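The following pair of complexes shares a single chain, subunit A, combined with subunit B in the former and subunit C in the latter.
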Partner chain A sequence: MAKKYDAIIIGGGHNGLICAAYLAKAGKDVLVLEKRHIVGGAAVTEEIYPGFKFSVCSYVVSLFRPHIVRELNLAQHGYDIIPMDSSFQPLHNDVGLCRWGDGARSRREIARFSKHDSEVYGEFGKVMTHMARLAKEVIDHPAPDVASINPKELASLLRMGKVFKNLGPEMLQMNTKLLTMSSADFLDLWFESEVLKGPMAVSGVIGTFLGVRSPGTAYVLLHHYMGELDGAFRSWGFSKGGTGGVSDACASAARSYGVEIRTEVAVSHVKIVNGKAKGVVLANGDEIESKIVISNLDPNRTYLKMIGENNLDADITTEIKRFKMRGSSGKVNFALSGLPQFCKGREGDEYMRGDIAIVPNVDYLEKAYDQAKYGEFSERPFINIVIPSLTDPTLAPPGKHVMSCFVQYAPFDIKEGPEHWPQLSEKFGDAVQATIKEYVPDFDSLVLHRQVVTPWDMQETFGLTEGNIFQGELTLEQLLFQRPIAGYAKYKTPIDGLWMCGSGTHPGGGIMGSGGELSAKTILNDKAI
Partner chain B sequence: MSKVDVIVIGGGHNGLTTATMLAKKGKSVVLLEKRNILGGIAAGEEFHPGYSTSGLLHDTSAVRSNVIKELGLEGHGLVVKNTRPTVSILADDGRSIELNGDTATAAQNIAKISEKDGKAYTDYRAFLDKISKVINDLFDNPPPGIDVENLTMSSLVMLAKKGLALKGLGKKTMLELLKVTPMCLNDFLSEKFETEFLKAGIAGPAIYGTYAGPWSAYSTVNLLIWECAARNTIIGGPQALVEALEKAAKQAGVTIRTEAEVEKILLDDNDDEKVKGVRLKGGEVIEATTIAASCTPKITFLELFDPFEIDYDLDYWIDKVRSRGTTAKVNIALNKQLELNGAAVEFARTGNTFDEMEKSFDPVKYREITTAPILDIHVPSMSNAGLAPSGHSVVSVLVHHAPYNFEAGWSEEEKSKLKDSVLKQLEKYSPGIYDAVEGVEVLSPLDLESRYSLTEGHIYHGEHFVDQLVTRPIPSCAQYDTPIKGLYLCGSGSHPGGGITCAPGSFAAKAILK
Partner chain C sequence: MPIGTPFHERTEEHCKNKDWKDWAGFFTANSYNVVNDFEYFAFRHSAGLIDITPLFKYKITGADSGSFLSRLMTKDISKLRLNQATYCCWCDNRGMVVDDGTVMRLEENEYFVTAADPSYSWFNRFVKTSDVTIEDVTETMCGLAIQGPTSRDILKKMCDADLDNLKFFWTTKAKVDGADFFISRTGYTGDLGYEVWTENENAIKLFDAIWAAGKGYNIRMAGIAALDVARIEAGLVMNGVDYHSSLHALTPAQMSTPYELGLGWTVNLERDSFMGQKALKKEKKEGSKWATVGLDINWPELEEIFNEHNLAPHTAAGAWRDSIPVYHRDDVTRQIGYATSGTWSPAVKKNIAMATIEAAYAKPGTKVNFEVTVEHQRRTVSAIVEKPQFFNPERKRSNPKK
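Now for the complex of A and B:
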């Protein structure tokens, strides 16, 4: 008789691997099944063009929880982050604006555009960091269930309420504003320079189907201040060897605890007997048994494909269909024969070692969004560019570079219909290349290879429904106890023995590892296995 | 120099409400109005010889029943029907739906276009009925005071109880309410209805006075609030309300002075955080230990005090209140009875599709104006024939979205362009309207600012958005009193906000009496 595992994890993204590692560390017998030939999900490094290694989808690391690194000994397994020290914004006919890890240096640059802004910049960072610490409280614990009358849940709500006690009225007001305002309006409270506000506002909309003037985007700005590597606040970084490096470290740690990982094994659905998960059925018809099953897939796939509507109450199906997945971004990766020059007036390449944000002002960004609202990709999109080969030469042949461009907006539901994305893919790539050319006139001559990843590709290749990079939009009604649906926010599903661990659960997307960690801890606490 | 108990600044519906409530409790009250007429945005005015409007705003459906009762307004001639007014939702293709105040009738009318939507409308109203108590509690009570400086276990318990009140809704309704409030109108209504122009028409009131389109997150909050608060019809519109309020004020003994513009609020000689009275334009000083300001919070604190006279924090946060006007007004005198999509109606809304509504908002963000505005139409002459010559009509149109900070500047030429785009829109529903036009008055957001003292032309004294509701206008002034002793706010800039409700005025009076 075939072996019966304690837990089978469907999907080998970083959350699935982390969940597996925690369970195995606790002595459980765990199997991870990954459909693709490599593990990592959206955090993968692939050699798309000979000699060039691309972080194909996810490309920077910031929110990864430091205690996970410690608890799973990830550093020993190759987890290595190269800090990013700058954020550069090229401008036409100007040396642009570069913000550095060094505050004084940033303020000097900002002062060129507005003296007032350079003066309040430090204060702004202080206030945001203060509030980010509160948010940390939220992301490091499972979401309290608001609808419950269980005293334990009420107590955890009260504990959250107490956090506000330490805020003081001014910060409470600021917090309300942060939660509800648009990032553009929120920044208007502080700054006057459009040049500065553009790149600052953009962190409020990354991965969402919202514009910088959409209410509710300000709090996402916090994420920028929550970036936490090795416990140091406000730092972002590249993973050595591309973001796949993070996944590889997680996989290696998982294996060291005894996790079995199988790639190129596609799961058809969860085997459900009498309302209880008993294992999985593979695409080839084989069955593997386990005590519990954990899905690293997004809520849409988990509920509608792995469970199936016939195993769900109509109410649950309705709620899960309401969960919004609209992807809004694409990736364009370039293999380059040399280093592009984004700025004539700056010496060296120091300013290009962090990220380069093409977002000259707030209106530019909002106009890019306006197009997306009506089902078009932005003709002049926001582009976040990184050239990780500058700091990690292992990614490209000597003298050559990989350049990774995160592009917004590219709505999944394009007006021609999402299935038409393959025909629009190169046109989309052209728009991105043309936008870059406005700043780097000889850019075309540097391009050896271009890889366009549309929201459609993210769905078809990486299993992200509608190309949503966070496995579901990060809007208030889809966070906390409502992620993915009220009543099932604690990694449970309506099927006994079936759990979730991906970004579609609290606290959401990004390479954080929290979903994997918190689900594993919840499963162990509940003595589910 | 004269001396009274209370000075009320501004003679709009809220100022009148505060003044009358205080006078009825025996206070000596003087009400100071800058213009030569009372009523503020609720005042009817002649805009073309022989043609008058019934107020800048149209909607009186949310006037609080308890204020009407407390002031005895029905005894002063006010006629109130306890149903919502019927509104016609117009489509560009000639169809329209009469959204009757009575749900069953409205659902039947909708079902003629879409059976599914007829049923969905009944469900929608049932959901609103369920949450209506929670929302109306907000309207009928001053905002919950949360003393954050001394947050104690007992105040946390009070907060928890508020939460439990939500639980009184039943788990399913509560979860649904929590789910939908942060949503945008497009997502919220598209889940329910299939007919585009119906969705757009229902959404209309939620985007008036906001800096938002139907795609903006949280826009559903405004819809739910308005839908639950709107319960009455006042015959004769805003002007009728003003007339009754004025009579009640006079009977209660309020001294009403028009053309009395307050130039400055005076602080006590010995205590610069306490009021002493006001100085009028022309130099007259009136003393009082209590001042209730119904003008906008920005005028109150930033114009009626000298620079640096008030606390920096107060100055700073008031300055940050968002009140970007996006509304213009076009009043049209017609030499015939107006028909819209073939029917004579008193209230109508356009929108057609969410995309078109959103596109009408888009240019505002870039300080430009749409050429296809969204219209909120009121034909006051339908219920008050005296406003126009016999057989003629007055068409009052609130135009969304027209930016206050218009890049091109609000010249006569731009206003004329706005008039043309409004008439062009109306022509879709009322072919041949051009020929019947006797006269048109266009009020840009800039005109609204100068005529009605609306800062940045904002019709609600500050945008209705989550962070500017409940703790309105700012937390330290949210309970109607302010950090300046004796100074109270009683206008639309306070909870529960703008529109014609009389609620801020009545809560302020209660706060003063306390």
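Now for the complex of A and C:
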């Protein structure tokens, strides 16, 4: 008789692997099925061009939960993050603006644009870091259900309320503003320089189909102050060996607890008998049985493909279809024969070791969004560039580099129709390269290889519906007890024994691991297996 | 007043923040930049270059040099093969540690010894035969440590030494632009790494060759602050910080034996007589009073204390070197030891310390209480006793596969 598992996890993204590790650590018999040849989902490192290792999709790490690292011994399994020190914004006919870990140095840089801003900058960071403590409380626990009178839910709400209360009235007011305003307007409360506000505002719209002047985008700014690396709240880092390193560490930890991981196994759908999940049916028709099934896929795929509309109430189907995926970004990765110089006026390469943001001012962003609203990719997009091989030389041959470009806006719903993205792919890559050339005139001569990842590719290759990098937009109405939909926000689905663990669940996307961790803990608490 | 090392004109160019320290009478960069985490990360992800010239350095020559060193050191140096190196310590006749360092056999009858303290007179007083000569080369020879995963590739690029086959704690001779130097696969970071040694007049030539070869491998200058984090992760004790030389200690309580420092593995007890042998034999039989351990300091508990003050948890940047009390797990008035140095470990993602603790509590897994100061208030959090070595990557000892 074929083996029956306690749990089968569909999709070997980092959340799926983490969920598997927690369940196996608790003694459960777990199988992870991954469609691709490698695990990691959107957090993968692939040698796209010989000798050059790319973080194909997700490329920096910040929000990964430190307690997961501790509880799963991930450091022992190779989890290794190198912090980034600087954030550089090139400008035409100027040395640009570079913000550093060194406060005095940043102050002098900002003062070139606004003396006022240069002094407020540190204060702003302090307030945001303080408020980030609140956000941490929210992301480290399952979302309490505000509609419930269950004492557990109330206790959880109370605990959260206490953290709010401790913030004090000033911070509470600030918090309300943060939750309701647009990121550009919120920054206007503090800063006057359009140059400085450009790269700061953009962090409010990463991965959403909104502009920096759209209300509700301000709170995402917090994400930049929420990262915890190495025992301190600080911002961003590179994973050693590319972001696939994080997934590999999660997979290694999972295996050490006894998880079985199979790659190149595609699941067709969940086997549902009398409204209960009984296992999975593979694309080749084989069936594997299990007590429960956990989907690491996005809500759209989980509900509409794994469960299927036939097994769902019509109103739930409607809600899931309304859940906003709408991918807005692409990736362009380059293998380079040498190091590009983004600024002739700066010595050395220190200023390029963090991220390089092509976003000269706030208007530039809004214009980029304007084009996207009407179904075109931005001709002059926001580009967030990193050259991780400067810090981690193992990613490319000596003296050569990998350069990763996150590009927004690239709407999934391009006016020609999303299925036309493959024909537009190179044109999109050309637009990105032309934008970079405005700052690095000899850029073309350095390019050995270019990989373009459009929202269509993210959907087709990485299984992210409509190419949404967070498995669904991180906007307020799609968060907390409404992620993915009200009533099923605690990793459950309408199908008994079918659970969810991906970024489409609370608390959302980014390489956090929270979905995987909290789903596993919820499953174990519920004694579902 | 410290003086510059032969590398000073180069290190000075790199030391942007002018953060100089006095290390044994030489100017040494504590860090090279205001934000200096990257110096540490170079040790773990690429290569960090440290000027280690201030170490005291001796050449011991003569037909009897091997047996002389064997009488002096806890380790049987006569067993050391040509080109081999070893780490050990040396004691006084009470078995109390005087210093620790590296001994390398460079020729049949020539040894190279490094030490933290001036040791010429200590060594010299045990010369009993005429065929031993001790030469203090501290001021005539200089050294650089290049430590980190890309250090081998860098050295391979700048010289023709057979580094692919050079094993952990072995040495080899090399030439750069006509100048002689030698390489030992040793270091103080617990990572893949090498130390290169040469006469002072070759210093700049050697430095420039390494620096040029290191481009493309993310070579970085690294200061003592970064080195401290790495050596604590690797569980390597430091003279003057984690223990005191018996020559400098004011009371017996300030002295330590090799066993107490976790250096029992460097003691070859059953052999011809050596300094401290009798006392060490006795200690081995009767047990030690103290032990050196690692502490894994509980992070959630520390986080909770910060929470009480409405603060996010944080640790000091870099390593610390204060004496911090360690208490009994059930009784926070009963002190059972003290931590001597510690750091947040980026490599193992733990808040760790090195501590001297009563031997009865030294077993890995033992729970203790550790004093922390948060917002001016002294509190305790729990900590788990571990071996001092938290980080020990395979690459430290391995060679490339053929």
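Observations on the structure shown:
Throughout what follows, the second predicted complex is superposed on the first by the 529 of 529 C-alpha atoms of A that agree within 3 Å, B and C clash if a C-alpha of one lies under 4 Å from a C-alpha of the other, contacts with A are read in each partner's own complex, and residues count from 1 in each chain.
Methods note: a contact is a pair of C-beta atoms (placed from the backbone, for glycine too) under 8 Å apart; a residue touches a chain by one contact, two chains touch by 3 or more.
All values derive from a computational prediction rather than experimental measurement.
By the document's definition of touching, neither partner reaches A:E309: not subunit B, not subunit C. After overlaying the two complexes on the shared chain, residue contacts for A:T394 are found with subunit C alone; subunit B is out of touch. In the superposition on chain A, A:T180 makes contact with subunit B only, while subunit C stays out of contact range. Of the two partner chains, neither subunit B nor subunit C is touched by A:E376. Of the two partner chains, neither subunit B nor subunit C is touched by A:E192. In the superposed model, A:E460 lies in contact with neither subunit B nor subunit C. Legend: residue contacts after superposition of the two complexes on their common chain; A:D94 is shown touching neither subunit B nor subunit C.
When the two complexes are overlaid on their common chain A, residue A:A75 makes contact with subunit C while staying clear of subunit B. No residue of subunit A lies at the contact with subunit B in one complex and also at the contact with subunit C in the other.
Residues 33-35, 37-38, 41, 44-46, 149-150, 153, 215-218, 299-300, 310, 312-315, 344, 346-351 of subunit C are the ones touching subunit A in the complex. Subunit A meets subunit C in the complex at residues 66-67, 69-70, 74-76, 79-83, 85, 100-102, 104-105, 129-130, 132-133, 166, 230-233, 240, 353, 390-394, 398-400. Contacts from subunit B toward subunit A in the complex involve residues 148-149, 151, 156, 159-160, 163, 167, 171, 174-175, 178-183, 187, 191, 211-212, 215-219, 313, 317, 320, 322, 355, 358-359, 362, 365-366, 465-467, 471, 474-476. Residue ranges on subunit A touching subunit B, taken from their complex, read 146-147, 149, 154, 157-158, 161-162, 164-165, 167-170, 172-173, 176-177, 179-181, 185, 189, 210, 213-217, 322, 324, 363, 366-367, 370, 373-374, 475-477, 482, 486-487.
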